[in-house]
Each structure stands twice: as structure tokens, then as C-alpha cells.
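One chain, subunit A, links the two complexes that follow: it is found with subunit B in the first and with subunit C in the second.
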Partner chain A sequence: MGLVQSLIRFKERIRVKYEEYLVTTIEILVSAIIGFSIGALILYVLGFDPAKIYSILFTKGLSNPNYLLSKSTPIMLTGLAFAIPMLAGVFNIGGEGQLYIGALVSLVVVTSTHNPILGILSGMIAGAALGTFKAILKVYRGVNEVIAAIMLNWVMYFLTLYLLTEKLYNPKIPHESIPVPEDARLGKIPTPLGDIRLIFFIAVIASLIVYYILYYTNVGYLLRVAGLSPQTAKYAGFNPNIAVIYSMALGGAMAGLGGALLLIGYVYSIDTTMSTLYGLGFMGIGVALLGRNNPIGIIFSAIFFSMLIIGGEMIELLAGAPPELADTLTGVIVIALALPYTYRMLISYMRIRRMMKE
Partner chain B sequence: MIEDIISLTSNTLIYMVPLVLAGVGEIITERSGVVNIGLEGIFVLSSFTATIITFATGNPYLGLFSGVIIGLLAGVLHGFISVYLRGDQIIAGVGFNTLAYGISIMGLVTIWKQHGASPSVNKIPMISLRIRGGLTFTISPLSIVAILIAIGAWYWLFKTTSGLKLRACGEDPKSAEAMGVNVFRTRFYATVIGGILTGLGGAYLTVGWIGQFTRHISAGRGFIALANVAFSNWNPLMAIVGGMIFGFFDVLSIYLPIKIQLIYPEVKVTTLAYLFKTIPYIGTLAVVSLIIGRARVPRALGKPYIKE
Partner chain C sequence: MPREKRKAIEMLNISKIYPDGVVALRDVNLTVYEGEIHGLLGENGAGKTTLMRILYGEIKPTKGEIKLFGRKVSFHGPWEAIRHGIGMVYQHFTLVPTFTVLENLQLSFTSVEKKVSESAVRKNAEKLMREIGFEVPLDAVVEDLPIGVQQRAEILKILLRKAKILILDEPTSVLTPIETRELFRTLKRLKEKGITIIFITHKLKEVKEITDRVTVLRKGRLVGTVETAKVTEVDLARMMVGREVFLKISKTPAKVGRKVLEIADLWVKDDRGLDAVKGVSLDLYEGEILGIAGVQGNGQKELVEAIAGIRPIIKGKIIVDGDDVTKKSTVERYKLGLAYVPDSRLVGLVLDMSLIENTTLTNLHKVLTRTKRILWDRASKIAVKVVKELDVVTPSLSAPVKYLSGGNQQKVMVGREIVREPKIFIVAEPTHGLDVGATEFIRKTLVSLRDKGKAILLVSTDLDEIMQLSDRIAVMYEGKIVAIGKAEEFSIERLGLLMGGVKA
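Coming up: the complex of A and B.
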């Protein structure tokens, strides 16, 4: 009964929102095309063959499903960490720091308890606490969340470096942290695509739960109303500040989960230069924007960005091109995604021309 | 003791330059109603460009100039997106930061085959003032330039008609338009000027101060400059004070571990230094959360102007 009704509602929504979906699709495609074109230009200027680099990027990026999906897990969750507050009108670019603290706290908990579930939960709580702290600074002290997020990202970066090199290093391998105990590691599960890491499925389930919370619960409704119009939320008797705090807590929990899963289910230890963690939070911003802040869209968008990351590693190995191509492409795509008005104008322009012809 | 005070003061004046320049630039941009959080990206890209040009020509002033050009171009890009295309200013800024980092590191790896830092390049010489007792007080010529620019910007914004028109675009663009001000053009130029000053600050990072490009050369300074804008209450004169405060935190993060090492030689400072590096960020956050409550944001900040 409930399912049939949901399906009918879903179909209705698609009909009503046809226009919206059309614009979204065009936005995503045009942004990706602009991104790859400008990326090609930069590669050409730096003296590489763009066609060769891109063919490596796509073929190698997609060749190993397990690698692709494993790498998509943390950025899917930092994508959610950006998207949830965004829907409530808050700009959370602190996914980076929240991921660090999630990984760090889960490492401490899992090595002392040997329990992966406790490790994951503690990582989520740590991320949520950091998110809530930023929300409180914003709501009660009027601190711009962008500034607070970047400051805390750097504090977390140096704090993590300090703890890794001073307290949590592996005496046998000094450039690595103590590893997650063998009995607490999450492994792979067999699927038709080969063995896939469990953490990917956990991240997908988390995305679906977030989707449910945002679109089918009162809390989600509160968040979205507060994001669209804080004034309306006030008239309706909601407190928009509560929405800010909830969304930042939930977003932070997702980034913390990303850090914990990466550690417990994939890398098992952090290197003391932090290259295993660096940049995953920022990548999440691109993931969320390309997925149009929709948790289902973010699943696919994360896989796309995972391909960029892996492709970046491969072009370094095979063509000697720098892996930061992934950052460059992300940057251009994000800038192109900041222009919804332009795409709308483009569509209405095309429509008027078609009408003129008729 | 006196030596410490002199060295802390002169270093503060050296460290504050990018924060003051970018802060003043961003104040001009935000007073016109556009917010550009891509300061970090401009810092990275212009310091990288300045390094290349100085490396190739050996002339740090040419490097400084190339950084200004990069800032100008970044300002044109952001101005075009925010003013004429009515794009989302925050998202465009975040995208620019990622793009600038990506391009710069790609360039670093391609040109010098290095993943961490470029070779050292020539620097703009510092000015040494001799004071009593054989002590010298060292500052960069850019420290003076930055202070003069801030004073000039204050005079322009608050004492001239064109400054008033610019502020009107950020407070109430409809009324500004009714008064005959071209809101689009004013906002566009204000964004470009902001980019130019930020580009100058970014180029200073390498050719005026550090002497080489490194992966984390900016390390959040673009965002500390943004914090400086809010701290200064959108007043260029206060941005000098803010630059000194935030610059001082930065000086402390380097100075304290060195001092501790001198006093307690047995302490292992290398790893402890990571903890001291958090000082500028914690300090900035503390100042911002204790003081900003009373700040008054330009009313139309970040909202695209739509002509009727």
C-alpha cells in the first residue's frame, strides 16, 4: 500500500519536475564537458597529449570495479557532509577536518577495543561533534561557517599530524600509524562484479538513509524549509537555527563515517604525511554539487569522481602527468556548476528560437 | 628581551602583508556586493606564477607584476561569473580554489619535477633600519605599500563620491541604479580590483617573503584574510590592525618552538612544532568568534543584482 502510493507520488513528481530534471541534466553534462575541455587545454599547454591522457583516465579509471567503488566510498560520504547542510542553507566546507577526526578517533577506539562497529560509531560521533561546534559558532556567535570550517580543517590537519608522528606511529614502520587490528578489519563480499569492499555498501546504505531522512521525515522537512527560506520556517513555527545545528551534526557524522570506513575497511593505517586522507573532504564538495545535493545523485557522482582520482593516479604511472589533473577538472566542473542561471537562459533562448521557427 | 620585541614586531609587519592586501581588496569587492572566497586560490596561483617568472628572468619585480596580472584575470573571471552570469558566488569561489591548486601543482610537477617545493628564486630585498645598540629592524618595502594601499582604499571608499557609489551598490543596488550608478560595471570593477590586490599579496608570498613556491604556501591564509574582512567590519583601516593581529599569531607559531628549543634543548621540538602550527588558526577562530558579533555586513552582499 505504502509502496504503491510512493510510486504514484514518485511518477507525479517526475511529471511535474520534468523541466527541473531537464535543466539539471543539461547543467551536469555541460559542466562535465567544459571541465574536460579546459582540462585538455591545460594538459596541452603543459606539453601532454590530452587524447592519450584522457583515454588512460577513462579506461584505467573504470577497469577495476572494486578499486573504483572503494575509492568512491569516502568521497560519497564527504559529499553527503556538504549536501545535507547545503539543503539547510549552510555551507559546510569542513568535511576535510571532519574526515580527519573521524579516522583518528576510530583508529584510537578500534585499536583499543578491537570492535569495528564501536570504531565506526565513535568516528561518526567525532565528526558530528566537530560539525555541531561549527553550527554553534555560526548560530550563537555569528561566525561565518566558511572561515570556521577552514580554520578547523587546518587545526585538525596539524593535530592529526602531531598525534600520528608523536603518539600513534607504528614502531616497526615509523612513517605509518599503528594498524587496525586484523580481527577488527572489514573485508570484501563476493558479487557478480567480483569481490567488492563492504564499506562501499555501507556508504550506499548511509546515502539511502540520508535520502529517507531528508525527504520523508519531519527533521528533513524542517531542514529543507529552513534552507529555502528561513523566514517561512519562522512563520511556520520552526526554529531555523535548530535546522542549522541538526544539518551540521548529520553532515559531520557522515564525514566522520567516511574517515572511519576508509580506515577500518580499506587502508587500515594512515601514513604520517597524511596523503591517505588529504583532499577527500574537498573532493566531496564537487561530488555533492555534481550530484545536485541529492543523496542518490551523490552515489553516482562519487563513482564518477572516484574514476577521476584513479585515472589521475594512472596517468602519473603511465604518462608521467601530474595526478592533480583530478583537482583541476574538479575545480572547472564546480565553477561551471555555479551557473544555473546561464543554463536556464540558454534553454529559454533555444525554446524561443524553436517557437519563432514554428 | 628588546631583541625579541624588535624581531616579533618586524616579523609581524612582514607576515601581515598578504592578509592586509587581500583583506583590503576583499573589502572593496564586498562593499560593492560581491563576495569572493577564491582568495586562497588567487594566492596559490599568483605566487606560483611569480615563482616561474622570477625563476625565468631573475627579476622579482617582474614576478610581482605577473602575480598582479594573475589576480586581475582571476578578478575578471569571478566578476564575470558573479555579476553578468549571476552565478553562485560561493560555489564559484570554492571551484576556483580547487582549480588554482590543481593547476599550480600540475605546473610544479611538470616544470621542476618536484611534488613539494620549487627551487629558490630571487627575492625583493628587505629594508633594514639601524636603531640604537647595533640592532636592526627589518621590514619589506611591501609592508609599507600595503599600509599605504589600505589608507588609500579607506579614503576612496569613505571620502569620495565614487567610493560612496560603490558602497551603495553593496547596500541597496536598486537605489544606486536609480541614482544613475551602473551597478553591474561598479561591481565588476570592484571584483577586479580585489583580485589585483590579492594577486599582489600572493606574489609577495614567494618573491617578497618565502623565496620559493611550496605545495602548502598559502595554508589557509586566503581564508584568514577573509576573517580579517569580517574582523575589520569592512573598514580598510581596521584591516591593517586585523592583519597585524592575525600576522602575529603566525609569527608566534614559528617563534615559540624556536624559543622553547633554546631554553629546553632536551625537548623534541620537531613533532611539537605541528601543535604550534595550529596557533594562527585557533587564534583567528577565537578572535573572530569573540569579536564579530557586532559586525554589520553590507546588506546586498552575495546577492546577484537583477535589473528590471
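Coming up: the complex of A and C.
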């Protein structure tokens, strides 16, 4: 009996999971190829040699593991900030603002306490609070989460900007914020790939914890049920609104963590134009989409995006291509990644047409 | 009916098969004469609304032909039907709630004439209202108006577009008796003006009262068209519910035990905020099946959802095995031995989740550790048990349940409740949309559960099911139990009459 069951289970896992992952992987690969092909076409039309550009993109993008992985850290976490609420059926584009507030609060806490752990935790709490606020607006006041996020992103942007330029600037270098104290900075740890920043490992562990929460705890289960079918959640006696709040709190905490880690473990201070923070939240959306909202997938897609960012900078430097080119490539690839949904829609549409004709 | 009258509508051999293979209509013919009020009668799922949505150009028929005043037409969408003079009043109105009536009228009139002034619309509307003899306050905001007046505004909107054919989909379901009387008066006036009216309903009394002729549909097929004056309500009931009993389930007499569920004076509102359950009281005993019959939309759904704790209760009491659960949550009620199998698989299942994840849904507390971790091994054991006990055919335990057939999905929903071993089963439409084999299996399962001493509350719009399975039957009509008694006291005709709102 036990043997039969475990055999059945074993066969299942192999077959179904394998098929599922195979299909997903093929979809992602096909989309990537389409994306890169369209990108090549654009490059060609603009008068660049696609082969040369792509070789710079990949070789330079991957040449420095530490740089690659450090850059992937904040977008991995903002990717989670998008993916978790998405699984619960909420569209969180507020990762940007949550990242700002996370960085800002952790800066204040870490400079006053000299404790990196407190700094990180406070950043997470700040991000979670912002996420929860939006969730409460949505659930109890019917405010659309996208609208709330767009507005709050700007509020957070200008709040951070104001505090950086007016209150938290470094008297010696006025275009920067006060730095994270030396004794509170997170460093690097040695690995076979060279010294890698600690924050990357923290982000990976965070992703794994999120995976565990989503797939192995009742909260994660509730969240996924509510995201796929709110009415079923109600039937089972779960409150779908709670799922919305939990997911936004957890997602916000991840974006806040991203901001805190970036500050305490990588840049140590924020410039007053906020170029160190700007756009990382939005990048997370692409990361989550490419990672198919799966925390493990997001680890890899964040590294891939990081390669695109770094490679893009090098294209600009070495081939004289405009900086927007790298963004364009990224954009095309992200759009191509949405294609699998289109294939599926087309297939079902064609099937209906055929039925109608009969 | 004078034969020299023109045929306004001819629908010939209309069939509609959906991509998933569901046959909504098969070879239905409908002829409506100009200037008559034509009833379209049938139970829920008989295809009345589908047929009318085809006429209105909203759905394309898989097969068939439509003629309007003798000319063949084929609509690509409702806008073309509107141009041909057809108007439809849905159960849910298509008015902008924050606009005034006049603004709504103007908005809809632009589909006929692009640049029409507000004053012109007002003049036309006032003229039309005088002709028909009804009042709608043109400058009132729609959402402030009572439902009956909103419906009148909707009718006015359609007539203003010079509609010659008016389709009303269960127009009285949202109205109070007084509003209904007013509506009927209006319809008679319209008929005198030469407007052709199709009146979709399942209420026999209304058919007798208002229609000239009536077409009866059953399970997507045409039963027949008759002149209303020549038939009785009993005839209509028989036509509507049919006599086919295609399954025989052997059943021993019920061995009734303790009272396990008591519902006292229960009041529940529907999603629109209208009273759906109006003072229902019921007792349910161990070892019996109590069947609740009724046409869909008479409060059954709200009743069972209230019992399960999914829908708030306005007034009343629910007692499960001696425990007053009126204020308790759904999960607490499930733990006390209540099981609920909803009428829709879309509600009961997460189609994109695996069989294991779906059987866990109502068994979650059994697979959680103290730290709220889910033990998937234990969860898959439950799934294996469900698969075994109910013979579920599935490609695997981790395949999304959307790949299962409807019958197997239903087995999952019933099975995961059975393995919980509850005392009370609330089962709604357990065989809806299933093939004969799956239907028989589910019904036999319900009977065997009853023989094991479980109490079963069966809600079904399928009269065969009610007749076959129930030890006692209650009929719900407009939120009230209009009759309750031993199954032997009900003939299918009597049930048909009761469901149609006729005392019998």
C-alpha cells in the first residue's frame, strides 16, 4: 500500500512536473529568441551590427560575477514584491515606492543605531507598511491598487528626495546622503566565483523563504487559492480580503528589503538625484514576469536582467549605442515573454471557430 | 389567433453548441406573429435566454436561420438587431446608473441618430409616454429610482429607437406584485400599438395572464407552441417539466434519526440587496434526503450559502446538531460536521490547481502542523482516498483539475467532503451538466450516504433528481417554502405547478 502510493506519487511528480517545467522552459526560450531577434532587427535598422552588440551584451554582462549578482539583488526582491501580490490576484506596481521607503527608513535607522540587522528589519517593515496601506485602501475603500500605487510611488519619490536634499545630506559631499556607518556595512564573502556581496545571498534566502511560505504554509495556500478563484476561497471559509492584505504586506516587505540591502550592503549612500534607486521597482515587474511569478524562477530572471543592465551599459560604452538601446532590448524581450498567453488565446480562439463551423 | 397576421419572427432549426460541447439548443423553431405577446416558457437551462440572445444578435447560432417579417437576416451583433427594430430588456438593466433618465435615452438614441439634441429626445420621449400612457421622470437620476421605474425607463429607451419587437427576459423577477401589475398594463397597451412582445418566464400564472401564445422549451429542445387560452396551467406545467425519468435508483425506506439541522425563520438577501430568502424554516434529520425543488433564482442558492456561512444572515437561526452556529464562521461550521457541495464547479474548485490542492481545500485543518505548515504527504493521502472511494479518473494527482471531466470534478467535490465524515451534507445541483453515467454514480453515492445515517439537504432544479432521491420534498418559490411533505405526496405535475407559483 505504502509502496504503491509512493510509486504513484513518484511517477506523477516526474511526469507532470517535468512536463509542466518543460513547457514553461520552452515558452521562455522561444520568447527570448523572438525578443532577441526583434532586438537584432532594431539594431540593424539603427545601423549597428547585432552580432557585435550581442557579443558585448553577453560577454561583458557576465564577466564580473560579483557585479552581476549585486545588481541582481534589488530587482530580485522587487520581482518578489510584484509576484507575491500577483499570485493573490493583486497588481502591485508599487514596488518602486516601497523600495524608496525601505532604503530611506533603513538609512535613518542604521545611521542612528549602527546596527545593520535593525536597519534591514526597519526597511522591511516600512515597505510592508506601505504595501498594507494600499491593500487596506483596496479592500475597505475600493481604491484601485494600480492608481494608489502610481500616486504613492510619486509621494515616496518626492518624500525621499526632500529628506535626502534637506535633512539627510552629507555635509562633506552635498549631492549624497549621509553614508551608512563603516561598522554597519555588509561586506563580501569569498566563493569559488570570487568575493560575492553578502546581500545577494540574503536575497536568495529571502526568495527561498517566500517559496516556502507560498507552497508549504496555510497562508501561502490561502493566498494562491484566493488569487486564482476568490469565490472558491470564500466557499472554503477563507477571506479573500485577508489574502490581499497578507500578500501586499509580504510583497512590500520584500521591496523594502531590496531598498535596505542595496543601501547597507552595496551603495552605502543615496545620491540626491536618486539615480541609485530609480527604476528598480519597475524593473521588478519584468523580472517577475520572466520568472513566471515563481520565487525560484525570479532568482534566475533577476540575474538575467542584471546581465542585460550591465551589458547595456557596456554597449553604450564600447559601441557608442545610445543608452536607450539597452532599455529597448529589455522592453522587447519582456513583451515577447508575454507571448505564451497570446499563443494560448489564439489556440482556444481557433478551436472555437472550428466548433462554430461544424 | 387570426391567421392573416404577418409573421414577425421566424427562427428555423436553431441549434447552439458551445465549444466545450454543451448543447444549449437543438433544432428549435419559433414563430411569433406581429402584435402578439408571445410567452417563452421553460425551466432554468431550457435555453430560453440563449434563444433570445441569438435573436438579438448577441450569440451566433451554430446552425439555423432567422427571418424578420419574411426577410432572412443574420446579425453580427446587437447593434444590427437594434437597427432592425429589436430591443431586449435584460434582468439586469443596461442603464448608466449615475445618469438621468433623459441622458440615458439620449445616449441610446445616438445609435440611431448620431447628432440628436437633448430637447428633441425629451420631446419624443414625452410624446411616446403620452401615447403609451406611462410616466417616467426624465430628469431623475436612474439609481435613485425604484426598480420598476428603471425597467419602464429601459422599455422607453427601446421604444424610442422605434423598436417593433420587444424581448423581456424574466421581467417580473425583480418586481413587486404591484409593479408587475403595472408592467402588464403597459405591455397590453404596447400590444394595442402593434408592438410584438416576447416574454421569457418560468411563471405559469404570468403566462396565463399576459400571453396570447406560448412556446415551451425543455433542455434545449422545443416541446411545442400552443395558444394560451386553450391550455390549462397543469398542461403547461407538464410541458415544462416533462415526464422522462431516465434513471432508476433503488432505495430502501429511510431510517430517520435525530434532528441535526434546524433552520428557523431565516432571512437572507441576494447580491443585489433584495430579499432572496424570506422566513424559511426547515428541520433536517439523520438518514434522510430532503429535496428542495424550485426554479433557479427562487432563493435556494442564498439559502444554502447562508447555511454554510458564506452569505450573511439578516434574521433567523441556524442550529447544527444542537450548536447555534448563526454567528459562527464557515470553517467552524465545517468543523462541526457540516459539508457543503456548491452548485458550480467554478465555486467549489480552483481549476488551475492540482487534485491534491483541491481536496485539501476543505480538509486543510487536517494537514496542518502546529506551525501552520502544510504536510503535502498527508494531503496527497487524502487525495488518494478520494480518488479511490469515488473512482475518480484523473491523469495524475498533481494535474490541474481543469483537465478532469465534469463528472470527475464533481466526484472530487463530493469525495473530499465524504472523507471528512460530516454529519450533514448540503448538496446543490450535484449532477448539473453531467452525463448519465456520472449522474447515476453521484446519485447512488448520495443514497448510500443517507443509508449510512447522514443527513442530506439536496437542492436541485432537476425534478427527476428530486423525485428519485428525496424522502421529503420542499418547494421553494420566491424565497419561501410553499410546500413541504413526504415525497409520495408530490406528483411531478404538482411540483411543476408549485414551482410555477400556483397553489396545488
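We take it that the second predicted complex is superposed on the first by the 319 of 358 C-alpha atoms of A that agree within 3 Å, B and C clash if a C-alpha of one lies under 4 Å from a C-alpha of the other, contacts with A are read in each partner's own complex, and residues count from 1 in each chain.
As a working rule, contacts are C-beta pairs under 8 Å (C-beta built on N, C-alpha and C of every residue); 3 or more make two chains touch, one makes a residue touch a chain.
All figures in this text were calculated on a predicted structure; none of them were measured in a lab.
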Subunit A residues touched - subunit C or subunit B, whichever exceeds: B
Subunit B versus subunit C as contact partner of A:Tyr44, first or second or both or neither: neither
First, second, both or neither for A:Thr165, with subunit B first and subunit C second: first
Touched partner set for A:Tyr21, first subunit B, second subunit C, both or neither: neither
Touched partner set for A:Phe58, first subunit B, second subunit C, both or neither: neither
Complex interface listing, subunit A residues touching subunit B: 42, 46-47, 91, 93, 137, 141-144, 146-148, 150-155, 158-159, 161-162, 165-166, 282, 285-286, 289, 321-322, 324-342
Sites on subunit C touched by subunit A in the complex: 17-19, 60, 62, 308-310, 329-331, 334, 340, 342, 346-353, 357, 360-362, 364, 368, 372-374, 376, 380-381, 384, 395-399
Residue ranges of subunit A touching subunit C (in the complex, touch as defined): 5, 8-9, 11-13, 15-17, 216-219, 221, 224-225, 228-229, 231-232, 234-237, 348, 351-352, 355-356, 358
Sites on subunit B touched by subunit A in the complex: 37, 40, 81, 85-92, 94-103, 105-110, 219-220, 223-224, 226-227, 230, 271-272, 274-275, 277-278, 281-282, 284-285, 288-290, 292-293, 295, 304
